[in-house]
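Per-chain numbering from 1; labels A, B and C assigned in written order.
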């Protein structure tokens, strides 16, 4: 079977610091990484390939030229082929426009490679925007069923079944292939590259698709194709730290806290 | 665009119970600002109780889609029903709870309707003149807030955290116009099926409803130590929560996870035990009234958001705290 | 200047591994005195054991700089975790690559590259460290075999090695020119390992004596020519020095990475440690010297890759990088005050780990002898 994994390169949010005086995020020196949930999606695809070597795993990303690093990273951990979709007309696309582009890219890659994708995997959300929109919206554009936030999937007999959390607990849902599944954290960790696969990825050819290659309707991409507009962004106020207690023993600290809470009417 | 009127709120139904009623409080604010109706949309099978709850919680009008096709949530079934409703009634906006199913449904529906969508909103404002909503939502793991608008498309869509609003006192004497819509799904609409349901309902009080949450992180160290948290939570009539690190370590179920990728809680008292205070966790509990942090590391960021902090080992502090509160209560 | 894109990517891979896998357990490795097997399995899968081993023997055939990149990143978090991979790329395989027959190379090296087997290096004796000519282990010809007797000490990995390269005197009267190297199967009758040394630092990799009592070693296990073992040993140690120098710059950078953020947080007398000019200057000095040490290591590696004679460069790198590294770790520990002296912070372990670097694989004094020899003639 053929699997397409959609990848987003994001800043490593764990490394973002906030300048609380200037109220801005400090993005200098924050490295770009493959979105964590996307790495689970890719690992899941590669595990399907491990079990069935006839499987081919493709990855695609929409983004600027530096997303090549993300593609190399994916190739080094088991993707067979990587495609970049890079074109300035796509700048400032919202999730709807992004999904439109990715749906067209999926079709274009299928045509170029002479394959059809049975399964499209995405991360359940990207660490920068945190929306979780692109998977379902891509499914809508392709008219495929969707399963979101899966932590475990199995593919069998033309269906994919996935365990996903619900507001009550969890459920196992099956979808008819082809389908879009967005992946949450899995029980397994993404594998490491090896020195060998890393060097091979450095030498791999990574085709770049432009808007023209995808025969896109210009009205559907970039700012023009994005109904959602970001009006402003700001760093939220944080409350200042309160009283810190550090007595000789844990017991004394606990007693002091209890007295304070009682006085303040908290308990 | 001026054909689009009224603020809609989708009422989640879980096990026959109406959820996300808090959104009616947010919807009421918007509807009043533009002098339009607040409409609750109830989709399900056996919706009478939910409809009643929606009326009591402030909806002016209820749109009900009741049928066997809707007994279980399905992305495609619910998207279809909402697409039909939106086509017929042209709402100005639709608020959907930022629950697991809400965040599954909303993007699919937005793409179907070719409209904008704001995810996981924590605050809403509306421009009374244009009727355009300003959706405030966190990004970059809560490091930043963004204000989103959909000025050129209708309906405006957003998923909204239930904890962003407090539920008002229900008024059972209220009445509202109830409109039933029969929407039959064309054959083959739903291409997914539920194979198995796994109940992982946490014991006792639900995390989201608890007035006291005792949460544990990496510093708790083991499943056994979570019992110390449970003891304190039980004493205070609260629930046990956890950071992602503790869930990842397998010490507690994901149902207990508080934070960006877990639940959002806003209890009166939040006790963070052995939680360093990563921004992703803070995103899920920053609405708490009073925060207590217990951590060995005096420099842990959690202390910056805590009203009271104890520097110490939770294995020493927690039993002592439980004991001290027990005495106080006695 | 010294590195290309491949080097940088290999370094990034090693850094990711070290930060995710080693940093969280580095103190645990020290306390339990054991590197978990899964760490070795991962390192083997990632190709770290065979970086410099030629491709025909199951390695990657990469250059010394690739090895330096990986070693440096791993040692920032845990020198103990670098010992086995370092050995696989030098002490374990260099003797065979230098002097072994094709058959021996095929038999032993691929299993070392894949992490299936470990080969220890048995040169040092209780009475003969760098002074190899004083060694007393004997090998006496007996038919189709040699009979070995003696004791080797401080042998890294001996308790878990399948084989050890043992250096023994075949012609005692010829001193250093009478030494032969043998590949000794550790399961042979008469081979035993002594007690696991209770070391100050670098805990996690067992080090012990290897005791040889009438061990009958077949002649096809002779490594190289009879009486030519000393040259093999010396050449092997030359390649080993670069690894230890990486440990020096790695641990020093690791210590700086701990101290600098701490100094930005810790307040005394109303200001951050990072605001005291005296401490700022001290750390600036550390940074400058670490940079010089790093360049001396990179320079030696580059010379090796250019096939130039790097004997002196490697000795200078080992000498300077380990002495400087140890001093920087000590200065960084000082920044932590009393906290630097307790096991809760990694700096305490780093200091103990770093202490051996000026001692093993040729003490600083031996390096000075080599450097002086190049200056004045021997």
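The criterion applied here is as follows: a contact is a pair of C-beta atoms (placed from the backbone, for glycine too) under 8 Å apart; a residue touches a chain by one contact, two chains touch by 3 or more.
In UniProt terms, the chains line up like this: A = Electron transfer flavoprotein small subunit; B = Electron transfer flavoprotein alpha subunit apoprotein; C = Acyl-CoA dehydrogenase.
Because the structure is a prediction, the values reported are computed rather than measured.
Taken as a contact graph, the chains are arranged in an open line, each linked only to its neighbours along the path.
Innermost chain of the displayed assembly, by C-alpha centre distance to the whole-protein C-alpha centre, is A. Centre-to-centre separation between chain A and chain C (Acyl-CoA dehydrogenase), using Cα means, comes to 41 Å. Here the spacing of chain B and chain C (Acyl-CoA dehydrogenase), counted between their Cα centres, is 55 Å. Averaged C-alpha coordinates put the centre of chain A at 22 Å from the centre of chain B.
Residues of chain B in contact with two or more other chains: none.
Of all residues in chain B, only 12, 14-15, 19, 75-76, 79, 99-101, 103-104, 106-108, 110-112, 114-120, 134, 138-153, 191-201, 236, 248, 254-255, 260-261, 268-269, 278-280, 290-292, 298, 303-313, 315-318, 320-321, 323-325, 328 touch chain A in the complex they form. Contact residues on chain A toward chain C (Acyl-CoA dehydrogenase) in their complex (touch as defined above): 72, 192-196, 198-199, 202. Of all the residues in chain C (Acyl-CoA dehydrogenase), the ones that touch chain A in their complex are 5-6, 9-10, 13, 16-17, 42, 45-48, 51, 60, 62, 66, 70.
Those residues of chain A that touch chain B in the shared complex are 11, 13-14, 16, 18, 25, 94-96, 99, 125, 127-137, 139-141, 144-149, 161, 163-176, 179, 184-185, 226-236, 238-246, 249-251, 253-255, 257-258, 260-262, 266-267.
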